[in-house]
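Before any comments, here is the structure.
Letters A, B, C and D mark the chains as written, and numbering starts fresh at 1 in each.
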Amino acid sequence: MTEAYGLSIPDQLSEVCTPERCAVLIYDMQNGIVPQISAGPEMVRSCATLLEAAREGGYRVFFTRHFFLPNNVAGVGQLRRAMVWQRKKRPEETKPFFVQGSPPWEIDPQLAPREGEIAIDKITMSAFEGTFLNLAMRDARLDSFIIAGIALEVGIGPTVRHALDLNLCPVVLSDACGSRTEELRKQTLTSLQETGEVFIATTAEVVSVMSRHRHSS
Amino acid sequence: MTEAYGLSIPDQLSEVCTPERCAVLIYDMQNGIVPQISAGPEMVRSCATLLEAAREGGYRVFFTRHFFLPNNVAGVGQLRRAMVWQRKKRPEETKPFFVQGSPPWEIDPQLAPREGEIAIDKITMSAFEGTFLNLAMRDARLDSFIIAGIALEVGIGPTVRHALDLNLCPVVLSDACGSRTEELRKQTLTSLQETGEVFIATTAEVVSVMSRHRHSS
Amino acid sequence: MTEAYGLSIPDQLSEVCTPERCAVLIYDMQNGIVPQISAGPEMVRSCATLLEAAREGGYRVFFTRHFFLPNNVAGVGQLRRAMVWQRKKRPEETKPFFVQGSPPWEIDPQLAPREGEIAIDKITMSAFEGTFLNLAMRDARLDSFIIAGIALEVGIGPTVRHALDLNLCPVVLSDACGSRTEELRKQTLTSLQETGEVFIATTAEVVSVMSRHRHSS
Amino acid sequence: MTEAYGLSIPDQLSEVCTPERCAVLIYDMQNGIVPQISAGPEMVRSCATLLEAAREGGYRVFFTRHFFLPNNVAGVGQLRRAMVWQRKKRPEETKPFFVQGSPPWEIDPQLAPREGEIAIDKITMSAFEGTFLNLAMRDARLDSFIIAGIALEVGIGPTVRHALDLNLCPVVLSDACGSRTEELRKQTLTSLQETGEVFIATTAEVVSVMSRHRHSS
């Protein structure tokens, strides 16, 4: 750990991934999203492995749950996005993929949040925009997070970028973040790597760090 | 309506409370909160009246749902607040009043959100801090809101103050916002009135405006 | 210091006001604002005393600088506020009190920021809304702040309330926060005191704590 | 213009780039940044062309001005970033590129903000994080912006991504956004294009739209 100006600046994965500094964030692993990619079930298994380590290690755990506002509540930007994504000419021809409270909005039952774990509804790509995640993390003096979920190139990328602006240190689990295609996966990981500020590691590596920390404490 | 610099600046209640500009916000009317004040059932009835008018008039409707992070997830500020509120010397002696997903966290069943209405979990007093409410309202080009719920002096006051900083125009329903005491009610309404920027009106007045608008459109 | 759940929760003024946890915030002490209240020069002296202690103690120091958008850039909320504050019927009859870059926008020369101190332009009452203050404080692991400036009832009150929602611990300098009237001063301090979460202290008390901390470190 | 649910959803560049909906944002065109890329002077000329059209057309104009906190004020994230960017092993070996108020922080004199134009200091990549830009734009009912400046891949990319989460519609001037290399330029533009939600156009195209709008109004 580098100490300077009264602050501790972590530079190793093992210094970042401690329960005193690091949240675990399961991103959008919802019934309506997991089946959209072929590696969905594998991602569920990786997230379950991460969750198990987080629970044993006493990490603070947050889940995000995306949803779409119904058309009659939605605004200009969301309707425009729906037209682009769904290739429709008229807003009325678009449909929210799923709405708050519906079965596809629920988190995959294999990863269901337990007592003491927090679910955060969001309508944005970044898990930090329009949510209390940063607020809760900062109050608990957390300044880093391990992220896993779907999809790397759609929502996790923007979340990681936004986190850098918030001075949070992201740890991306390369084999627990799903993508629509292998090419998109590689491209997004490369671009995050190029920032020089993002840790990219496998679930096994991170779980091993989490477990070592537990045994030494 | 005052027109200037290409903008329409409403100055009458009837100009503010239209479905094109105004959200309806039911604040913290949860099972764990309504019974805390003697006028709880009356507040439920007033909110139901407001909701009925909002549904008939096609207003966008949002509900806030407060919750407390479990102690093992909470941070410095929340634990300190719990010690103050619950008059305890040690954080471990405090308990979150209610947590996410528990029965007291649910919205009073008489006011249950319907399809197309949005519930917003929050851990703050201001309904605009750490939530997507402003984001959703602005995207739908809403710049005012009618607020009703509990408690006026605890959460609604800070929400209204924060709203002014966000350049939103608040309409507070004087007989649909509950307080622990009549004195606190008067004091908070007076202090909001003194800003000169907050509309304070009865449910009947606002519902009448909402209905007039409907019949003229 | 109370230790629990891996966190240190300060409960004494002396635990809150350390350079490791606490920022010093000089609020809106601008040429256009100081002369608006009769106690202006006295407030300048108190702020200077606080600043001296902050500089000697190695505290991070921030200044806020309010300004008003010119009418042709302003929006609905700001124009409406100007009409209310300036008692005008038309937006075109209002004038921004002062704009960015003009002499009244400058910080009082007796309190001019030195190298290594940060000035934050804002268009809101809360020093935390639409600014990077919280971001900078959290990155430096500060979770409290000592606030002094003008005016207590207009801008400092909302800043302190907002801070509580952000889980920051405010220390209000009772004799270094100016008000238009003594009645407003008392009323605002009482209402902040009633939260149970705000420290209210004199400049002498806080400076003494800041100095003790220095000598013991 | 597509009309639906009481909203006007623009889908042509000419509908987006009107003074009623669209801000002009000159991004980080500062003395300390412009000379860092070889095309700097060309970018200044393009920005000047855009500014001229904006001034003639009555658009609201904002400038961002990046700066770095001095090391003794900075926090964990900023010091970590400095170590990565400057390839140093110790925070004390890093230096802020430039600080607030210094000559390299000033906006290039050829683009100096005029009366009625707003400068926004920031410490983030996204022009919308920790600033009042979104607040000011939304109050003026603007929901899109034309962006030009430096550097496309470092700061403008994250600003545009963040804007999408805020439901703002970005217009990126392909020949007025500078990059360190032609490859980075192409790569960033391609990735923004792929969102399907970002307008990418030349300065000439946008200026022509701005001018047509003026003549028809």
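Worth pointing out:
The rule is short, and it goes like this: a contact is a pair of C-beta atoms (placed from the backbone, for glycine too) under 8 Å apart; a residue touches a chain by one contact, two chains touch by 3 or more.
Please read these numbers as outputs of a predicted model, since none were measured by experiment.
Looking at which of A-D and B-D shares more C-beta pairs in contact, the answer is the pair A-D.
Interface residue usage between chain A and chain C, two copies of one sequence, is largely shared: over half of the residue numbers at the contact are used by both copies.
Centre-to-centre, using mean CA coordinates, chain A is 27 Å away from chain D. Chain B and chain D have Cα centroids lying 35 Å from one another.
In chain A, the positions touching at least two other chains are 7, 72, 74-78, 124, 129-130, 135, 138-141, 143, 166-167.
If touching chains are joined by edges, the resulting network of the protein chains shown connects every chain directly with every other.
Residue ranges on chain B touching chain D, taken from their complex, read 6-7, 19-20, 135, 138-141, 143, 166-167.
Listed in rising order, the residues of chain A touching chain D in the complex are 2, 4-5, 7-11, 71-72, 74-81, 83-85, 90-92, 124-126, 129-130, 143, 158, 161-162, 164-169, 191, 196-197.
Residue ranges of chain D in contact with chain C, taken from their complex: 58, 60, 69-70, 72-78, 99-101, 115-124, 129-132, 134-136, 138-141.
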